[in-house]
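Heads up, the next two complexes both have chain A, just with different partners, chain B and then chain C.
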Partner chain A sequence: MKEKEQFNVNNKQPHRDIPMWLLQNDDYLPQKDRERYLSKTLLGILGRLIHFRQQMQIQTESFFSVTFKLIYVFLLIFSIALAHTITFLLLLLAGLLAYICLLDGRQILSLLKPAIGAMVFTFIIIVPAIFLQGTIVMLLPFKVFLSTLLVAALSRSTPFYLITKALGGLHVPSVFIMSLDLTINYIVLLGNTAIDLLQALKLRSVGRNTGKYESMGNVLGMTFLKSQEYAKQTHAAMLCRGFTGEYHVVQQHHWQKKYIIYTMAIMLLLVLFIHIEGY
Partner chain B sequence: MHIPDNYLSPSTCAVFTAAMLPVWYYSIRKIKMELPKDKIPLIGVGAAFSFLLMMFNLPIPGGTTAHAVGGTLIALLLGPYAACIAISVALFIQALVFGDGGILSFAANCFNMAFVLPFAGYYTFRFIRNLFSSSAGEKIAILLGAYVGINMAAFVAAIEFGVQPLLFTNSAGQALYSPYPLAVAIPAMLLPHLLIAGIAEAVFTLAIYEFIAKVSPGLIQDNKKQKLNPIFALLIVLIIASPLGLLASGTAWGEWGADEIAADASLGTALGYIPAKIANGFSYDALLPDYTMAGMSDVMGYILSAVIGAALLIIVFKIIGTFVSERKRTV
Partner chain C sequence: MMNSLIKLLKVQYEYEDIKALTDISLNIAEGEFVLLSGPNGAGKSTLFKLLNGLIFPTGGEYFFADEKITADKLKDIVFAKKFHKRIGYVFQNPDMQLFNHTVYDEIAFGPRQMGLSEIEIKNRVEQLLTFLDIEHLSQRAPYHLSGGEKKKTAIAAVLSLNPDILMMDEPVNGLDEKSRDWIEQFIMDFSKAGKTLLIASHDKAWQLMPGVRVVNFTSEHTIIE
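On to the complex of A and B.
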């Protein structure tokens, strides 16, 4: 009650407490500054992070186990690399297109973008070879397109932690798995750090900030320092948990009926490849 | 009905390109305004149907072939404007990937099959249905609409063939492009379509329309159940059945290669020469010429072509669908 009265009194006579300079109208208009680079960087990193977050939440209920998918994709890429006629590649293209056309438009775009990008890049590199070798070298961009599409399809349909697990089960060297696993986790961690720093820089830059590009360097430096810190912390945490760098995946393989279909799928691929390529 | 390159003069092709540009523009605007955005991927499914129907070549007495198009079907399901775009994209993929129909004559083919066909079919259907509004009347309207649509398209294509020898000949009086005058081209194009392809088109249209109305009425009327699985199943059946189109071994009238045309006897006697521009005009090597693959049996090649074509069409319209919905959301 007392407080309220005091407040009212203050309201009636505002001039008593507030200094004069605070009551003057301030016609400060901050100078416009170019922020496109900063905004684009922010949006770029955010987009990546959102992608990773979505990647972790993929529904994994599938008839085909992750291990099988991994082996199959590896086999397919291997056979793509070995193929020397376009027929086998067209067969794979038909299969891949049939799979893709069941996805929704946004997913299709996210698969095709990297694949087409890789294809165009390869094409540019091999353009001189067309004049020497003829159009046979055009198989190369096509092969790159198919392989990239396959890997993209795998990564969009399977979260990374399951891929790591499957790699562990396949006895892939643990140094390789650990690098992959830590890299993916660190991209998210460091991305969050970079976003915090960039946002701070953006909020503090009122009007024209001439030192902004120098600050961009500082942001990178800070992120690097942070990564060192994280690395030490991770190492300590791993030691505490008794992690020796080995990925032990508990494997209990019981015979399942779906293994017959897995085997048939692999046999079909091999027979088709050998038949078409004429080995 | 796919006019190959060099059968029409470049100037004819330019005229039809100029005619199709406003049609495409207006159709796209109409689709954006009138079609709900979740139905845009369905244009791809319609285009895939049309693509597959065009693979079923029907043998015509006299050694040529013809095929249904399915344009009226798409027009009935999604409207004539969507049908126009769907068939245009289907024709584009046929020309680019499979070498069926020319690159230069793409717009002329679109004019016949993507513009004349669905609009003639759709408005014939509307006209007859308004006269007889019973359910039998609707069936008759669908049959007649599809029949009229494909025959109108064949008629226009015949005129395009027929005016070429009137306009373009060399000093010896030999035609430079298509050598058949109107008196030969119109009966040669129309008879197979009136007798065989038109009936096939009408039956296909009614059968598929009734099937869709039964399993997924939401595609035809709003606020009803919309199920896509049976439609995909039907697509798969059509893909597996597509090698039946190989049974008709001849080439469609007006789609001969340079090696076939000299022996053709549509004029009464064999033509005896290869028109100059057909012998050495514009040529384009498609990825999968005539739906076949080197080193693979024709049947397998045909099925694979059907899968690639149908899947490509569905993918293209699904991607277009994402762009349209994004734009609507930001506005």
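On to the complex of A and C.
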């Protein structure tokens, strides 16, 4: 009975009268307007967020540990940078192409798109050098392509949170790791905020919006204000939990037999590189 | 017999192979007050997004005022704008709905787009400010308001479009008692005035409201009446 009284209209202050126009139907026919700017922005942010969500769902069980993958990719990029001849680079390309062949079409595209983009960009930048230095500088776009492909392959096969955690094992400063972790968190959080605000804008864009850029600016401004608010709240929460500027990434290592294979793989790479390059 | 405003026929929705809505069939007539009740994560907010044309069914059909709503249909800008004008959606978190510099601009945003004259807009905004008891907030920035004030501003911003149906997702979540009472009273008054209302809440107390039709969401993402 008590609960029923909770909704007894007579117990509460009645509202002021509902405006008359709210009780009648509008005879409204919207004017045509361009909406692509809104859909494109929404799709762009959604695409990035979907990428992050898919990243979090990657199967993490693998024979190779994340720390090993990181070291190996770092060594490969280092050797790509030092390579003078094309033989080593072609060998690496063959290995990478063999790996790519095992993926489905969508995944192949997600790896090749950034790699080809970076290669084309580098090529455009070095065009003047080709006339001055000859074709030797053509190795540079190829090296950029291989390096980007390697990083894209690592990011496709390993969630970001595991990569940042593995950085701890490589003695990267903890504050740097914390900054990376927080950045990734906030990209997702602020991306969601921006999507909600853009959807609210879309739902209320029921006619001709003469201030499209102003509306978009307002959405960006609100996202910026939210980012400040989130940052303050996170800092306060960290202080309340005893944060004094020190951040520790706990890493536990136990000797495993597969470490022998890891070491052999690294040795093989180094021997191959030194042999081909003639160091 | 009232006209049907919303009709869902065996609607399903899934993303990334996760089922969010399963075989939802629902009919909402003009003037009805419907409460979507159920636990968190049951699919209430997903259903709201679907009803607002932000996502589309992966199975089944959705009709609004006898028009089948599809992604292709909403590519027609004029149709999409008219459709969005007819549905007023108040988000669970008003922070994510307010993007203008002042409360006045926030409420005037919709009517300005509808091409109403500045006098009509001023009338509409002032009447809503009075109706929602927020006249004193007119020139304040929305992000500086309290939770209850933000919710009232979001309601006013949506009502300024004079929608055919008002949808509110968890309308009293995180509000103090005074703001809760105000929102509950507002919903009852609005319903008594013959407006169509669709409210989602996991709070069972709402089921005792006079004139409410309760639709229960289950944890299997389907509904039981």
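In the analysis below, the second predicted complex is superposed on the first by the 243 of 279 C-alpha atoms of A that agree within 3 Å, B and C clash if a C-alpha of one lies under 4 Å from a C-alpha of the other, contacts with A are read in each partner's own complex, and residues count from 1 in each chain.
Basically, contacts are C-beta pairs under 8 Å (C-beta built on N, C-alpha and C of every residue); 3 or more make two chains touch, one makes a residue touch a chain.
The structure presented is a predicted model; accordingly, all values stated were derived computationally and were not measured.
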item: First (chain B), second (chain C), both or neither touched by A:97; value: first
item: Which superposed partner A:196 touches (first chain B, second chain C, both, neither); value: second
item: Touched partner set for A:21, first chain B, second chain C, both or neither; value: second
item: Partner chain in contact with A:87 - chain B first, chain C second, else both or neither; value: first
item: Contacts of A:106 with chain B and chain C, given as first, second, both or neither; value: first
item: Which superposed partner A:226 touches (first chain B, second chain C, both, neither); value: second
item: Chain B versus chain C as contact partner of A:255, first or second or both or neither; value: neither
item: More chain A residues in contact [chain B versus chain C]; value: C
item: Partner chain in contact with A:131 - chain B first, chain C second, else both or neither; value: neither
item: Intersection of the chain A residues that touch chain B with those that touch chain C; value: none
item: Of chain C, residues touching chain A in the complex; value: 16, 52, 54, 77-78, 80-82, 84-85, 87, 89, 91, 93, 95-101, 109-110, 112-115, 124, 127-128, 130-131, 133, 143, 157-159, 161-162, 164, 181, 184-186, 188-190, 193-195, 205, 208-210
item: Contacting residues of chain A [partner chain C, same complex]; value: 3-4, 6-7, 9, 12-19, 21-26, 28-33, 35, 53, 57, 193, 196-197, 199-210, 215, 218-219, 221-222, 225-226
item: Residues on chain B engaged by chain A in the complex (per definition of touch); value: 41, 287-288, 293-296, 304, 307-308, 310-312, 314-315, 318-322
item: Chain A residues within the chain B interface of the complex; value: 85-87, 90-91, 93-95, 97-98, 100-101, 103-106, 108-109, 112, 276
